[in-house]
Each structure stands twice: as C-alpha cells, then as structure tokens.
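You will see subunit A twice below: alongside subunit B first, and alongside subunit C after that.
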Partner chain A sequence: MEFHEHQQSLFSRPGVGLGDRAPRMEDDRLLTGRGRYVADIRRAGAVEVAFLRSQLAHAEIKSIDCEAARALPGVIGVFTAEDLDDVAAVPDFPDPDLARPVGTFPLCRGRVRYVGAPLAAVVAVDRYVAEDAVELLYADLEPLPVLASIDDALAPDAPRLYEDWPDNRLVDVRLEEDKDEAFDRLRTVSGSYYMQRHGAVPMEPRGTVASYEEDRLTVWTSTQFPHIARTMLHYVLGIAEGDIRVVAPDVGGGFGIKAQVYPEDYVVAWLARRLERPVRWIDDRYEHMVSAAQARDVRIDLEAAVHDNGEIEALRACVYHDVGSGEVFPNGFNPDFVAVASLTGQYRIPRQQSGVIAVVTNKTPAGAYRGFGLPESCFAMERLVDRIAQELGIDRVELRRRLTIREDELPYVTATGSELDSGSHLAALESVAERGAAVLAELRAQETSADIRYGLGYATYVEGVAPTYFGTTGHWTSQDACDIRFDPDGGVTVAVGISAYGQSVSTMVATVTAHELGVPLEDVRVVMGDTDRAPYGLGAWGSRSTIVASGAIHRAAVELRAKGARIAAHLLEAAPEDIEFADGRLHVAGTPNASVSWSDIAHAALIRIHDLPDGVEPGLETKATYAPPGIQHVPREDGRMNACPTYTNASHSVVVRVDLGTGDVHVARYIVAHDCGRVLNANIVDGQIQGGVAQGIGGTLYEEFAYDDAAQPLATSFMDYLIPTASEIGPMEIVHFESPAPGLPWGAKGAGEAGIIGPAPAIATAVEDALSEFGIDEIVATPITPRSILGALRSARELGAVS
Partner chain B sequence: MTAMPADVVPVRIVVNGEPVEASAPARKLLVDFLREDLGLTGTHAGCEHGVCGACTVLIDGRPARSCITLAAQLDGNDIVTVEGLSPGGELTPMQEAFKQCHALQCGFCTPGFITTLAGVDPDDYPDDAAIRELLSGNLCRCTGYEHIVKAVRLAWGRQETPGEHAL
Partner chain C sequence: MKPPPFAYARAGSVEDAVELLAADEDAKVLAGGQSLVPMLNFRFARPSTLVDVAHIEALRGIERRNGVLAVGAAVRQLDAERSPLVAEACPLIGQALRHVGHLQIRSRGTIGGSVAHADPAAELPAVALALDAELVAAGPAGQRVIAAQDFFVGPYMTTLEDNEVLVETRFGVLDARTAFVEYARRSGDFAQAGIAVAVTYEADGVTVALARLAAMGIGSAPRRLTVTEERLQGERLTEDLIGRAAAETEIVGEVHDEPTLSYKTDLLRTLLTRGLREVTA
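Then we have the complex of A and B:
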C-alpha cells in the first residue's frame, strides 16, 4: 500500500536518520515525577496570592472594601489599583493608526470589562487563607451595559467599552468598496463562516512565583517567552532588565496562551518587591477559564469570482473578530491578519481584497492559540470551496486538484504576498484523498446499524512558519540566538533563546547541536528558559523553534568547527582543510589512526593554551544569532507582505461516523499528509500533528467558551468546557512528505501548528457527506454539536427531503 | 463571615512504603498535603474538581483523585504516588513504553496516566476501545492520545515494536 511504502522509504533514506524516532531527553524526569513546574518552585518564607475577580462583565468600580479581609488572621496584605500607583500602563506597541491603544493596568482602574478581571490581590500565609480573605472583600460595582458579541459591538447605538474611542473597533481596516472587476464578469459564490470562541486550556494552568533578594527580582513563570516577559516587566515596573531574571521552569503546555503577559504576572512581581519576600500565585482552573486568553470567535465573510471550471480569479474577504476586552499583551487581533494572509492556502487565486474589523466586547481578552488565524481562515476557505464544488457540480477533490498550485509553479507568490518556496501540495492532497476513500469504504462495509452514516471530508492548507513577531506585538521581530560552550571534558552546553512547553525542543536542540559538531548526543546539555543563562531570544510561538534555533546553532557550529579543525591540525601536524568530523573526534582524512577528541581540542583551548597554534585565541565557545531570511516585518508599498521564511503544507482527510438517533459525530479515522521539510525526529513531528488534530477536533465538536447575553461565562470548569478524551479521538494516520525549505540551513520547516488547522473544515464537509441523503449542506459554523445535527435533520425532514 | 481555618487533625498513612505521622488542617486536600507537606511534587493539580486526573494517586492500590480527597479522610491507608512507582529511578515497563512511544510531551498529565495504569488489571481492558475508555478519565492536551494508546499496548505486550505507526 502506498502509505507503508512512503513511510518506509522516508526512514530508510540516508541523511534523514538524524534522530528518527529516538526517545527524548526530557522524558525520564517527567515520567518519574521529577519535573519542576512553576507550582513546584518552593522558596523559604513564601506567601500566597489570591485575586478578587470581577463577577460582572462591565461595571464602574465605586469602591473596594478591604477592611474585613485585612483583619483576617494570616492575611499579610490586600492591594488594589490604588496601591499599585507606581506602575506604568502596559504598553500598546502597535501603530495607533492600525489598532487603538487600550492602556490597561495590572489591577483594574475605574472599570471592569470582563468577568474575571482582577480587582484586588490578597497576600496570605497560604492559599486557603488567601481565598478566605477574598471572600471577605466587597467590591461596589455599578453595572454598565454589556457587549456580548460582534453584532453587539458593531450596533450603531452600542455602548462603548473605552470612552475615548468613537466606537468599539480596536482594528478597522475596511474592505475596499470598488470590487475587483472579475466580480462583474464571473459567477460569484459567497458565504459567511463563524468559528466559536475556544482556546488552549493547557493541563497546567498559569502561575508566577517571584522573589526580590539582593536588589534583584527573580520571576519564575509558566511562559513561552521569558525574555519578552522580562522586557515587559521592565516596562511596567520600571526595573532595569539587568535586575530582573525570568525563569520558565518546565511548562505544562502553552499552545499560545503562555505567549502572553498577564496582569497577575506584574502584580506578583510587584508584590515580591513591595513585601521583600517570595510571593507565589498559582491559578486554579476556574480562574484559568476566565482569565487566560481565549481565541477564535471569528466570522469571515467570503466572496469569490469563479470561472465555470471552478478556478477562482478573485477573492473578497472580511474578518470580524470579537477580541474580548483587549486587556492583555499581545492584544488578540493579529490572528485576523494571519487569517487574511493565509486564506488562499495552496490554491491559485491571483487577486484578493481584504478587510479586518476587530471589536472589543465584555469577554475575557482574546490572545494566541495554536493555529493563530489559520483554523479560522481554513474553515472559511475550504467551506467556500465545497460550496463552489456543489454549485458547479464538480467533485470536491477534483476542484481542489484544479485549484492547487503545481510543483512547476513554485516558487509561487500568493495574492497577499506569501512566497511559497517549496512543498508537496498536490501529492499530499492525492494521498489523503485515496487513503480516505479506502478507509470510508472499509468502515461502511463493516457497519451493521441502520442509524449510522459515514462521511469523508478533506482540508488543505499551507502554514507560514517562523514569522515576524512585529505584526503581533508591534515591537519584537524575528531573530533568535544561541551560545555554545565546550567544557574541558569535551561536553557541550548550548544555550538558546527559544523556550519549551512540551514540544520536545531540548531534544531538537541537542540533536541539531550533536550533528553540527559531530559529538555524541549524550555529551550535549541544553539551557533555555532562563534570562540569566540564555541569550536574548523571542521564545516559542509561530512554529519557529526548530528553524530559528537550528539556524543559530548552524552558524555557531561553523565557527567552532573551523577553530577545532585549526587546533586539531596543529596537534596532528596536518592541514586544517584535511580535518574531518566523525564519532565525536576530529580525524585527518585518509589517515585512520590520526585523530584527536573534542576534549583534546578543549584542553588546548581552555587549559593548556601553549598547545594552540599561532594566531588561535584561547577559549572554545561562540555565540550566534539568526534571523530567518526573506521576510518583511511591515507590508511593502504594494500592500503585500511575506511574513514567513517558509511554508509547511498539509492535507487532511477524515472519516466521521454520524449517529442519526443522537446526532453524535465521532471521528472514526483521521488522516494527515504533512510536509514540514526535513524531518528531524519523526516521533516528535507525529506527536505535534496528533496533538494539534485532537485540539482541532475538540474545537470543532466539543469546546466552547460560551457566554450568555450578560457576557457571563458559561464554561468555567471541565464539566462545561469539554476537552476531548481518548474515547473521542479516533485513530490517526500520518504520512510525511519532505520538501526541504531551500533557504534554511537544515531545510526543516515548522510543525507546531499544522494539526489544528484542518479538522474544522474537514469534519464539516465529512458530516455533510455522511448526511447527503438529507440534503444537509449548510454547515457554516462551529461547534458542530449533536443538537445542531439533530436540528438540521429535523429541518431536512420538515422540508420533505426525506420521508 | 467565612469560617475560620478548621481544626488540625492527625494524618496517619503510609506513603510510598514509608509511614507518615503528621497533622493537617481538616480542610487540606490530599494533593496539597502530598505536595506541600511531603514534598512529593510529582502529583499535579490540574483542575481541582476531579475531572482531569493529573492528581491521580493510588489509595490502597486503586486510582483516586487527590484533589477531591481530604488528607483528613485517610486513616492508615496506603498511598502510592508517581515517585513511589520507580523508587530506584529505574523506569517501570509502562514508563519505558511511554518514553519509547513518545506518549508524553509537556509531562504535566503524565504522572496521572502512569499512576492510573499502575492501578488496573490489563485483563479488564482487552482491546483498544477498552484502553481508550480507561484512559478517558485522564485528560491530555498535548498528545492526542494516539501515542499513549500505543504505549499501553506495548507495555501490555499487545504490540511488538514501538517504531511502527499503525497505518
């Protein structure tokens, strides 16, 4: 079968077998309970924080009565915004012409704008007492009118969240009124597609521990970007960056929500300095569900000018996004621009007109979540493609085949400026289509119940990886760094500016370093997530870690190998150009017995410098930075922009099982053909894809941060917010294609987000396929719930589509 | 007026084979007692309402949620945490299978899975559907469960090689 053959050929090919499916360096600690997460950080004399959070979605703060709480035995202090009068507003970096400044403070001043907004911090001897004291606080809140949806926020007479704004539009990039001429000439197909609010919800919630000792602030926090967190603490607290150390210990999942700096992080750090003792805050799940950034809640209106053969000549798109209150850094609107830039996916669509309208409402602030605009855009675009297929009577796969750019068209510049450098777009589509059809036939043949229907669906996309951060933050851009040092015993310590939250990056960094230097993997130690020990880097987001770290390590290793070769040549009385690297040693080519170890080299460089050749400096260490090539940080004059150095591509197919009696949709089989260039460790890439697919299935079928009309959150526990379990997630199949990124040192593209992008459109069209006999073809929103399926079946029956 | 912190009660249990005689406030959760009083931080609090399973420990050999158990409820019980499953640092066959199959990523939920699996009889879970049903009491947000199912199969001798992906 083609899948087996492809998989086998991939791993038997020379040069790919870097780590293959090698186990991770991280695992022994984590498996035996020796992980060290932020809640495991113990400091002598530490006190605990609990926050009073707003129970109203929108209100004016009249007063907060702290008397009773302060009097409770065990309470060390109660602090409100009045006490935090020496902090600066969290900076709003983006160009004010693009996004209106929010100017938020760590504890609410004047108004609360969402349920869960922090009003006061209680410090007590332990969390139990701190929570008792929170119960004794009384906040006098004067309710204000509430905005609970995009439509609420855009209503002409809508109340405003920010009084100095003329409306509720955080971002307002209007779609040009003059339509592309193709819309006059060609058939128009349109749709409006909504993806509900959901989010990352990692198993480890958030937490920050801080101490202030010897005039230095140390902050342990569950973050994806310790250096950026340090810089933000500097801006808000006014402490020099050199006097702040931020440490990300083991991080129990992030998926974007920990690439945010939150009010609590500033408050806990401020308290440690104020109280001059260690302060600890670990959120509980309820707090997490109302205070950690949420995502999606996006509607995309699309219109395509389509030729009779299905080819799309022009696209018009407007993205509407409910970003909640907007009171978090980075603000949640940037996924909308990623969505706009990625709508065309792997399809040949010459022209696009776009608008983005991001509105503030009285919900928890929106931020990053794996996929970052791509799941939303893929859902909208792939649903539109299905609609075109249906209107023109073209098979869904055949239409995608026609639209997909061919290998001979690469490199291909998309309508918005993305430069697709390489990929296996058509081959990936063909493979999942073929495999999906086979699985569908197999499952249908086995089924005996009359109430069960199976359906097959597809999705394709490209994922820009290692993007500039300028669009998101308006501040940081794209580089990262490494610092490689040899020890005299030949061991190597590599410190990197990226960060880890479970994506196996320690193993990746060690694997790349070992291969670059020709040293055994077990001789490499990895340092990251500590601003005192690692060079300034931007952390882990945007599927960037492998690209930026391997780029920096490659540059450093070139220098170290050259120096090693000079020293080896001197010790072995050979020419530097004759030195080869293998098995942890430096050999003279063609002379099998003439070799020295890296330890010999390090001894000469660090201990016996009189062994060095003339002109070679002591020391065996180097630093390097790396900025991925070929990207723009701001749009070019023509309005287009290539934000990423390369683009991962994938096609998904899914077979769903729909129960006509209950409306239940079950993912029976999920199939991914994935191309992230060179695969460094297939186990790890598979794990990233599988985890992303599971989150995508959750976001399509089960998960929703629902709010009522008063913007009260309805999903604040795992009883209401349904993370899929092992029973909901069916077996997955993955096949890897490898189209190396031509401009990157290792040819590897990112793999962190690809899994989550395809499930929503693939499942939606699969459900329609399963229910085709009922004429159900209007799934334009997620989540797809039993209730929505039963409702559609009932409507279909009422319309007489079936008796 | 909120009630004051309740009385301190004695806690006499055996933890990972060692007798423990201590006292704790009556309202103290077992997860907090294990983590704060005994320093056993391998047991994680993921939801504090008994759903996610990250805090799973064995009480008298059976998996239990330490985030909805009070330390004061225990009297003479035998508690095993993830630290107690591999006291010498050697991985158990299940831990080794998790490692070989890349069945963990961030590792936060992992002790709960490992502990749950240590407290069940494989014969009660004869096929993949039963394994998935068993695992559905523990939430994992990183792996998508595929590799966890594979690891359980491997540890229970239901599949030969970890490197093969079930295509």
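Then we have the complex of A and C:
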C-alpha cells in the first residue's frame, strides 16, 4: 500500500485540484487556435513529399518509371525502394512461434499488398507539384489474386500473401480439440459475432517533418509515443538513438492509430538525411483513409456451457481477425489477445478455452484503435448473454445480475487470469438498469407517432488498464518515468514519458505534481513529447497515463519532500520529521510562524549551498520510474495471465428510437455508470466517456471501412465514411462509482477506452427490444444500418403473411 | 488532395462567361464550388479553366413574374432559404433547402450550381421537377429554355451543353400545399431518398386538383411519380387513400439489384406517406 496514507490526506484538501471538476488547463490554448501541430512546423528550405500509392490491392511490382516525374520543374527527387537500399526491415515480433515475421520495408519491395501501400516518394518544392509529379509516375504492376475477407484468407486453396508462409495465418493459436467436459453435461448456447472494419479518424490526420543538421536527425511527428518512435527509427535507419530527437507537438487526436510507426515516417526521416534539408509530409484525408491503421474486422465464435439458472460454467471462444496486410508494426494482432482475455468481463465463468486466428488479407494494415479488442469481445459476449436469456426465458437484467461477481467475491481471478481487485460491478448494473427503465417509460409515454418504437439495452464490461504490452518495441514492458526539477524561484518543471493527444494529461500531471509536492498549481510546468527533454517513456495508450505518471511522480515527490524537509528543518532549526507541507510552504508543526517557501529550499539547494545541512547534496531534482505492480508480462505455465494492475468496470444502458418507416435507429438516451476508482478530475473522465460513447455509436451505426471483392476501399472520404455528428449522439448521462484500486496511485484506474466498449451490444439488444413485436432477435453483426432494419421488417412482414 | 493546375477567369457578365467557355473546350463553370472543388481536389475533374460566374450581378436576382419565380443561377442557397419572396411564392424551395448540407455549405452553394450539377440525390433538382420549372441556358447562339422534365437525364448529367451557362431557374408558382420529406443517415448528408410534394385542391378544399410528386435518391435522376399523381387526382386525400397510394407506388425505370430495390421502395413509400400527410387539407 505504497500510496495510501499520504495520498488520502492530500486528497481531502479543498481547492482546485484532485477530485474537483477543475477546468482543463489545455483548453484555453487549444480552443483559441494557439495549438501548434505538425503542420505548423515550418523550417526554412523545407520541401514537401507526396507518395505514389498502389491502386491495386495485390500485385507484383515489375517496374516504376520515374523519368517524366523527375523532369517536372519543381521536383527535387523521386525515390523508390531501390533507392532506400540502406534501411533495415521494420522489426517483427520477436517470437515467430506466436506471430509470423512479415519483414516490411518502408517503401514496397517486390509486391504491394493493399490499396494505398506506398510505392514511391516524390519530393518537390510544394505539395501541388509533388502531387502533379505523382501522376506522372508509372508503376507496372502485375495483378495477383486478392484476399478480401477472413473467409478468403482461410480458404484451403487461398493464394498466399507471403510466399514463405504455409498459409495466411499471421497468428494461429488453435482451440484445444478436447472440449471442456461441461459441454457434454450442460445445455450449450452458441453464436458467431462480427464487428465490421472501422477505426480512428482524428481531426488531425498523420504527419511527419524531419530535418538533419549537424549529424543529428530531428523528427516532428504526430505520435502517441515519441520514445518508441525514436527506437523504431533507430532500428530501421541505423542511426544511434542519441542522435535522433523525436518531438510530438500538439497532437490533434490519436485514439490508437498514432501508437504505430508508419512507412511514411521512416521515409521522411530518410529523405531529410539524404537530401540534407527539412522534409515535410502532412497526409490528407484520402491518404489517411487508406494508410492509417484500421481496426475491428473481427469475428468471434462463442459457445457456452450453461446451467438451467443461466450460470455459465465454461466458455469456448475463437477470435478470427482480418489484420489486412499486417505491414504496419506491430501487425495489428495484439487486440485479439485482449479480446480473449476480456470476454468473461464481470461475469462468473470458471473456465475458458480460447483460440486466436489472425489472418492477412489485401486490406489496409490493422492496428490499435480505442477499445483495443474490448468492443469486439463485449459485443460477442453480451450478445451471447442475451441469447442465453432468450433461450432460458430469463430477463436480460436478471441474468446479468446472476452472472455478475459480487463484492464479497473480490478479488476475483477470471478464467484467463485477470485479477479483478475491486469494483462496483453489480451496483453499476443496477444503476443503469433502473435509470434506463425510467427513461424508456418516459419517452414511450411522450411519443405520438405510430411509426416509432423505443427499446432498452444494456452492456457491462471490465476494462484492464495500464497493461503490459509487447507491441511497442517487440518486448513486454509497462513502466514509465518522470523527472521533476525545481528552479531557484520555486517553480517546478515535471517532464514525463507519457504523451498528450487531447486527453488532457497535462492537467492531470500538473495537478498530481502540485498535490504531491504541496506547491501551487500555477508553479508547475509540464514537459512531454520530446525525447531530448523527457525521460524514456512508453507514451500514452491503454488507459495508462494517470497510473504510470502518477506512480513515477509520487516516487520522485517522496524523495523531493524528504530532501525539502531536511533543508527546511535546518533553516528553521527544527527536526525533519516535524516539517509539514501546506499552502506551498514547509512549516514546523505546532509553530505557526516558522515556515519557509519552496523557493527558500531551492535557493539553498541550488544557489547558496552553504545553507545546506551536513550530508545533503546540492540540487533539487529527482528522476523516478514506475512500473505498476501485479502485472505478469508473459503467460504463466497454465496459460493464464494478469496483464494489468487493475480493472475499470462499467455498465451502460441505452434507449433507442427506431423508425419503422425508415429503419433509422437514433440513440435517444445513453446512460453510463462508470467506475475508474478514484476520480481525479470528473470533467476529464466525463470527456473521455462522452467521446468514447460517441465513437462507439459511430462504430455501431455508421462507420465502416468497406471493401469490395477486389479489396478496393469504398470509404475514402467523409462522404462515405460516416462519423456521427452532435445530431446523431443524443443526450448522455454519466454516474461515477469510485472503488479505489488497492496499491495504485490515488486509487485511480484508467478511463481512456471506457465509453467505446459498450455501445455495440447495448444498441443491438435495444434495437431488438424495440422490434420485439416483429420477432427480430438476430442482430449478430455491426453496423446496424437502416437498410438492414427495413430488410428485417420486410422479412418479418412476409413471414407473417405466410403463417 | 491538391487540384491539378488550372486557369481561373472571373466572368463579368453572362456574355463574358459564354465567351470564356467558348474559348476553351475544357473549361468548366464554377459557382459556389461546393461540389466542384472537392472533385478538383480528388482530381476527378480536371478542367483547364474555371469560369467563375458567382459574381455576375445578372445571375443574382430573385423575381416573381408571369406565374413563375425566377431565381438567378448564382443566388446562394442560404439567401433563397431566407428570402420572403421565395417563401411566399414557392415555399417548397425553402422546405427543401433546409435539408441541403449544412449552413456553411448553403451559404456558399448556389441554386443554379445544384441544379446544373444534377446529383441524383440532391434536393433542388427534385423541387425543379415538382414545380415544372424551366431552365434558362445561355450559349453562343443565345438563350434557350429547357423544361425540367427534359433537363435531368442521368447521374450528374443534364441536357445543358458544355458551352452553355445556366442563367436562371423559373419555378412554377402554384397555389399548393407543399412538403419536402427525405431520409438521410446523418443530418446534412445526401439523402437515401426524398420526395417533393405539391398538391392543389378543388374549391371544396379536400379534393385533389393536381398532385406533383418528385422523388430523388431512388436512382439515376429525380423522377416524377406520375402513376401515383394520377391516382390521387380527383380523390379526397384521406389517410386511407394515402396508405393505398403509397403501397402501390413502385420505382420504375431504374435498374436496382435486390435488396436495394426493396430498400428504396420501402423508404420511398414511407416518405410519400409522410409527405402526403403533411399536405392534407
């Protein structure tokens, strides 16, 4: 319980800070147009890049004719894989038994495997000329047979994407042949659930600017993990890490897609070194839609062995994932293991058998997107629970109530090894069920149109946060770091290894630092996103930032406070153990007038070191790292594994309004009961949940990276890729439960993915509820579209007419 | 997403615009730019010259004369939407414009631009069709008038010649009750389907004298539902009649596979029902 006592006392302190609904410190700057993004990085003499991208999904590259493009006035150079012959392949996952090596190079060599794959880079005086020159490039491509789906890739005679593989399975962890004996003994309920390909489309797409000066490479890039990006650039370009500086300026949204290093990033850095001048590439929305990592495209087959009362004794699960070409490291298969480990959610399911089959196809490579396997697994599991409820004739909420682990069962170890340490699982469920029923009744009573039906749906889940992760550099890891230094005037600069992309981590870091040190918030400056200025860290993903940064800050603060107390005691002629921290000053307990400021302490430590007591070193700066406790970084002998230090839980309910005439599904009310332990700033957590729910609604009703049979992308602009706007989201209600995480800083858990996990299953069951009079109860796939609803209603009418 | 190189010419008058078009066979008319500019950025369209007609004063008027509402081609959609004259003479135009994109788009987009672009899911072509509009085109040989029925021939295809400029749309002024109903997946999107409805009544106030029904988003171009129109004529527009007329309405003359045909048909019947309910006396 490293954190508790000290932090409990700080937490209760009133004022702007921890536990308050304090305003976000970033907002004023970002909302008044003073943000500085990659596209705002202007370097004298910079030239622009445009890429020739494959228009075919699968082809052999015969040749690329660059002559006409090179001759165009304003073109500085045209580069293909032949020119980039001094780069190493992007590293593959180090265990070939788990994931087959892909061996990708920044520009395609030999083959293209998806529409949008970069074939050549044109450098020109501006982007207009660069795009004109791209049109003059001629790539002679010999078409190859195309794989456009999981089934295509798994077909026995399927053509192979990688010639040295025996099949198209990037990952192939098979289900055991022997079924759990419970399946012989009990009723079995099964289903196959598919979530369509969609992904993150942040306001700011990707972009990289690089310069090479005085033997040093500087790369400004829109990334969630500058240090990892630096390590990857080192691997591929062969430049020492100390000779690379990676800077993430303001990042206009990431949601996971910027926790990948992309081909273009390597190429731009390579070009800056080759040309010895600044090089700039800012992608446009078309490029984004075909080249930024996409997500989901997952089918989960589930089978449960079920007692008559609905209790589930055993589960069999196989996750099938279309990871596209797999050519963006780390290949996109990691969410599948999160999906497997998250299926049981908050339910008491003693045993689980699991398989994961990730296949490569001719689509844009898959990668991280908010939720990271959880939306898929929650959709599958919650749909199966609804199915069980229906088959057994048990009310949907009552069944969930029976399945949910009770408080007296905590800590509870799930079938796959997750250690659920704390939570409000049942209370959150009851809360949203009650509120949802009330809202449903209210909306039904107000409705006057005969064409409108309302329905209520639910979803529950637990979200592992701050996990260990092998995707970042190919090795398991979970730590982060901070560096806190005082200036003589008492100001504090805290540098952290996490990264900001709109989720308000600056506010969190500053508030935590101010509280830990007992200094005013306005005296704290936060540094992050710069490998020259911040300590090595893994960046921001996996709902980890609050936990890992707070842990490191706490450790550094403990040391700084101890040192401050010794210096203060010396200056005030008191004992160090009598020094108290309050109102930005260090006081002697019981002597109200005896106090010094942090500036006095810093002066002694940095300017007048003769004021220091014996044995106290000059300087007032501390570095600390923190790896959350309790994490297993590799699976245990029995295959189980606890990948996270704690688990956030939530229940969602939703009331949908279905228009029988148009098939329109509108989210009339969305209700979230959320428990991320101690809420440090409810404004920030609410924002995370609201944004997540909005994206979840998008993924359930609107967003789809659709492809045709030739694996040609059909959604390459916001005309075709529909993101929900404020009109489509509907009102939201959020309730916070607070079950502190034992042994973690502040008892706080993560909240980054929370909102996006529940909408798909909650909306699906709500739609079925709304349409129950028509017997529509077979929603097993997303997106749920007006066309599919009208089609189901038509079928129901026709069936009704026959019977 | 940068356009290929093009020349830009701002036309000072209709004659000027016609001359500029005649001088370059790959020239294209630019008005509000709300459809053309994205197409340029995608390099789907690559005109050598853009002839900007948005500043021609003669194209910016709204006038009621001889039983028609004449709207200049360069009138901004938002200006038409807010015009009392339009609201009084042809309320259907305002009813439809509210569904066109978003406010920002309507503040740039023009009436003539939308009509000439002829997106099969656009609202204004359906309105033009419902109100038996006449399209006035200016070309090297002078002006000619084209009936809306003869104007929209396919997706993004009209009978306007490459060397002609759309000058004016003359919407018929009817003493009708009107409604515009559409369904789009998101607010501001191009519709999945929509219908412009104008119904005039006999002196008794309940018997349909004339029904004009123009559907869009159901195929390659907006279409009048002539069979349904005739079905309603001379009948009292009751809930029962609306139900029967809608159920009997089919999409004709379009090539759709299933389940698209069923989907569009179901949707059209819903929208027709709702549109007719809005205009019942």
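FYI, the second predicted complex is superposed on the first by the 776 of 803 C-alpha atoms of A that agree within 3 Å, B and C clash if a C-alpha of one lies under 4 Å from a C-alpha of the other, contacts with A are read in each partner's own complex, and residues count from 1 in each chain.
Definition applied: a residue touches a chain if its C-beta (ideal position, glycine included) is under 8 Å from a C-beta of that chain, and two chains touch if they have at least 3 such contacts.
Since we're looking at a predicted model, the values are computed, not measured.
When both complexes are overlaid on chain A, the residue A:727 reaches subunit B and subunit C alike. In the superposition on chain A, A:37 contacts subunit B only, with no contact to subunit C. Look at A:26: by the touch rule set out above, it reaches subunit B but stays clear of subunit C. In the superposition on chain A, A:89 makes contact with neither subunit B nor subunit C.
For subunit A, the partner touching the most residues, choosing from subunit B and subunit C, is B. Using the contact criterion defined above for the overlaid structures, shared-chain residue A:201 touches subunit B, although it does not reach subunit C. Once the two complexes are overlaid on the shared chain, A:285 sits against subunit B and subunit C alike. By the touch criterion stated above, A:661 is placed in contact with subunit C alone, subunit B being left untouched.
After overlaying the two complexes on the shared chain, residue contacts for A:132 are found with subunit B and with subunit C alike.
The interface of subunit A with subunit B overlaps its interface with subunit C at residues 128, 132, 135, 284-285, 717, 719, 725, 727-728. Residues 1, 3-4, 7, 20-21, 23-24, 26-37, 39-40, 42, 73-74, 128-129, 132, 135-136, 200-205, 250-253, 255, 282, 284-285, 501-504, 683-684, 686-687, 690-695, 717-719, 723, 725-729, 731-735, 755 of subunit A are the ones that touch subunit B when the two sit in their complex.
Those residues of subunit A that touch subunit C in the shared complex are 127-128, 131-132, 135, 284-286, 451, 661-664, 702, 717, 719, 722, 724-725, 727-728, 785-787, 790-791, 793-794.
Those residues of subunit C whose C-beta lies close enough to touch subunit A in the complex are 1-5, 38, 42-43, 183, 185-190, 192, 259, 262-263, 266-267, 270-271, 273-274.
Interface of subunit B with subunit A (complex): residues 1-2, 4-5, 25, 27-28, 35, 39-49, 51-52, 54, 81-83, 85-86, 89, 91, 95, 98-102, 104-111, 114, 128, 131-133, 135-149, 162-163, 165-167.
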